[in-house]
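Below: a set of structures, written as structure tokens.
You will see subunit A twice below: alongside subunit B first, and alongside subunit C after that.
Presenting the complex of A and B:
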């Protein structure tokens, strides 16, 4: 790397050629940025942007103090939100566990057909956000928490499936061989050789996903999938910003509590 | 002690909860919760049956996506999403570097540390969609609000991971630079930057990937990008166009995931 050519008295970290290449690379990045910026702001109405400080002032003035007595009408949606997150996580687990065993290279029954299919399902589920799943399901099932639960479940499949199949692939082969050597059947190998090894990871992943799902289920109501987001949407559409600020505080509190619970549980397991 | 005290059959010891009382209590609690929670689900079966034909049309639309009839809207949405993703990642990373430096306990004074950590905490605790709602209210509809949202979210993500990375550096190298009488800027440039740069580039690529996914979502609340196009298509019940948009999103996410993974391995 550090080639000091005999002619120069000063040491340089890189050769002139590398420096030129890096300079060209940075120039390309800047040019791409400027081009993207131009394209992005093509349709921006700058009057609104310049007006933002006034708007922000106005908004904050309306949002504070929060309308505290509105909290009575938030308790039931909050319970719905918890249910969407918990039942959605359970649905995700139920769907993800078989997929993970199909996708892991050491437990898959067919390496060429089922494994790629399972991997595709896992990637597809992960690349679509739960809000988009909810948007689809609300237009199919109608508004309500069922759409929210299924949306959360379908998004969780990819997350839990991916982390779980990686955990299954990392299991200690010696324990599995020991169980195999006793003459155990395939199901027994799974039950006594693999499951005990991945169980702590599995619970850790599930609780982690539950924590993420609490955050996501709080906003699913924006597209009509139940929970506290419905109240958020209703308050925003009548521009009741003092209700919006209270809802945001409630969401923030729930997120902090769920994060604390999940950290405690994961700490206890692992 | 008689022989009968020794069990002749092996039973697997409990794997998670050791005490018998808590095992039973947890199971009963879980069952009670499930009954209560499942009881609150209200399903309007008439609506579901009506929706099934839509589900059928959606599946059909997904299998026979229509890329052409709304190609202009799709193209504008994709271009907005991609440009928004790139610019917001660049700006977000540029802002998060000083904040990450300030949030590293080993190189920043306590007051700066607390300020930077609280900026990171605020940015991380709010959902992108909620931030987007506010920025749309302040800056009007369109990609600019989306750009600000994603930049803001990037600051928390990169800032936190960068700060943790700086806290984990090999102190011996920083010590060697300090011993030459280097200033703080020189310490950062020669002692810390070479150690964290590869990881910072990796994190930025990862965030680029996340920002694209998020850009598909924040459009639903009006912050520009492909999400808005998708929302419109579903609102018009044009499931074939929606299917096409979803397929494009999945394809771009997959390409981004594989290429960023490849690039990160290459840069290591």
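Presenting the complex of A and C:
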């Protein structure tokens, strides 16, 4: 073949080989979807599905209107829920901040021992859902708010720790170098060079996690760890659907408010 | 007085950044360090206060061998060496005053610095320096609210607040316009004269280097290939440092820049007069 001149050269985004591979990939996806669909229809009890509109109608009929005067019994558990979320977040922050500094590759005092250990703790905390943490803690500490707070705290450690150590690793090295060049000690470099750079991210992460924790602590009561979830559990077990609907509305309202607060705070800092 | 003796640096990847660099700087001398990108200018400056660890050779500041110091001693030595950076390297989210006072970190304990309770003398000196660089009214602004030239002035005040015996200046004008570059260079050199402070100014603008320094050292691939007064920096010397290029045209270009700048200023004055 002769050399392509600038006028005749043809450009393709992908080589023929990549195009063939992509086509085969799409074919495999379609085949997998068809196979899954077959399996799903085979194992569904269709009698229940045909019945669904009637069942849903029946449930909604029992749930509405919500039992408004039940709100008196919800205010105190709601307060508990918010306390679980807030105190749990604070506990998470207290544990996560030192872990983040140990885990960040530019601030860790020991790259081969403490850093992997801190990273492991962060991953471990993240890999267990707060509901599972609560289940474990209720069986250790007994039911109540304390188990809820600690469950939320332990789950938050991983979230805050991970995002914070990533922020620490992304700090501008030149600012740190400049503080180092003045003869500052390690602690002073941390305080003057690194902390100012990660502070906005830190507040953003903390408020975001608090917002998530409000949602999570609302269901912790299902396993006995206090808060409004206890009421939800009780109402569901006696099939008081008009109470359940009120509880869900209250949770929705709280989440909307907490989301608004967290958005406002983050906007103010960043 | 600074004495550099057989300094060499080989990076882990095997790149030889510096080899066998030796020179002395007497008190009060302003040294312009020129050379192409990658010649080792930044590495040389950073080896002096050991932000980069030299592989071979020694650095003497007065009677102190900086290359031999351990962590605590090195911190005390760094207090005596002020550094001004390319693109300012201010802590952006701290105020101008906090940035200037951070030059005192080597002298105060952690808790004092944490609580921002610096000694009254340090604060008075910081205000004096801010006044000297013309930023008195900006003391409580955040560093990222200032313009480029203003930020570099804060960088100068921070370095001076250390009360240094040597100034290391790394590409101070790299991100500034030509006029601000001149002002910043003039300010640095004036301050060095006032205090009899020796300085190494690492700069890629040959015309600025010639205009403002007492002595020029040219680096090429980590070696000193020129060492002499600015007047001796001939075209042959520049070719030795940078490789072949039309140096007369470049100098003419710089003259034209200066002429245009002067004309612009005259024009502006005329307009002000008309108003």
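Definition applied: the second predicted complex is superposed on the first by the 219 of 270 C-alpha atoms of A that agree within 3 Å, B and C clash if a C-alpha of one lies under 4 Å from a C-alpha of the other, contacts with A are read in each partner's own complex, and residues count from 1 in each chain.
By our rule, contacts are C-beta pairs under 8 Å (C-beta built on N, C-alpha and C of every residue); 3 or more make two chains touch, one makes a residue touch a chain.
The shown structure was predicted, so the numbers you read here are calculated from the model rather than taken from an experiment.
Engineer: Once chain A of both complexes is superposed, is A:197 in touch with subunit B (first), subunit C (second), both, or neither?
Structural biologist: After superposing on A, A:197 lies in contact with subunit C but is clear of subunit B.
Engineer: Of the two partner chains, subunit B (first) and subunit C (second), which one does A:218 touch, if any: first, second, both, or neither?
Structural biologist: After superposing on A, A:218 lies in contact with subunit B but is clear of subunit C.
Engineer: Classify the contacts of A:242 with the two partner chains as first (subunit B alone), second (subunit C alone), both, or neither.
Structural biologist: A:242 sits against neither subunit B nor subunit C.
Engineer: Which of the two, subunit B or subunit C, is in touch with more residues of subunit A?
Structural biologist: B
Engineer: Going by the contact rule set out at the top, does A:187 touch subunit B (first), subunit C (second), both, or neither?
Structural biologist: The second partner, subunit C, only.
Engineer: If we overlay the two complexes on their shared chain A, which of subunit B and subunit C does A:15 touch? Say first, second, both or neither.
Structural biologist: The answer is neither, since A:15 touches no partner chain.
Engineer: Does subunit B (first) or subunit C (second) touch A:175, or do both, or does neither?
Structural biologist: In the superposed model, A:175 contacts subunit C only, not subunit B.
Engineer: Does subunit B (first) or subunit C (second) touch A:48, or do both, or does neither?
Structural biologist: After superposition on chain A, A:48 lies in contact with subunit B alone.
Engineer: Does any part of subunit A touch subunit B in one structure and subunit C in the other, and if so which residues?
Structural biologist: 192, 196, 199
Engineer: Name, in rising order, each residue of subunit C that touches subunit A in their complex.
Structural biologist: Listed in rising order, the residues of subunit C that touch subunit A are 49, 51, 75-79, 81, 83, 85-87, 89-94, 98, 102-107, 110, 113-114, 155, 158, 162.
Engineer: What part of subunit A is in contact with subunit B in the complex they form?
Structural biologist: Counting only subunit A, the residues touching subunit B are 29, 32-33, 36-37, 39-41, 43-45, 48-49, 52, 55-56, 59, 79-80, 83, 86-87, 123-124, 127-129, 131-132, 135-136, 139-142, 144-146, 149, 192, 196, 199, 203, 215-216, 218-219, 222-223, 236, 248, 251-252, 255-256, 269.
Engineer: Within the complex, which stretch of subunit A touches subunit C?
Structural biologist: Going by the criterion above, the answer is residues 172, 174-175, 177-185, 187-188, 191-193, 196-197, 199-200.
Engineer: Under the definition above, what is the set of subunit B residues touching subunit A in their complex?
Structural biologist: Per the touch definition, subunit B meets subunit A at residues 12, 15-16, 33, 37-38, 40-44, 47-48, 50-52, 54-55, 58, 79-80, 82-84, 86-87, 90, 125-127, 129-130, 133-134, 137-140, 142-144, 147, 213-214, 216-217, 220-221, 227, 230-231, 234, 237, 242, 246, 249-250, 253-254, 257.
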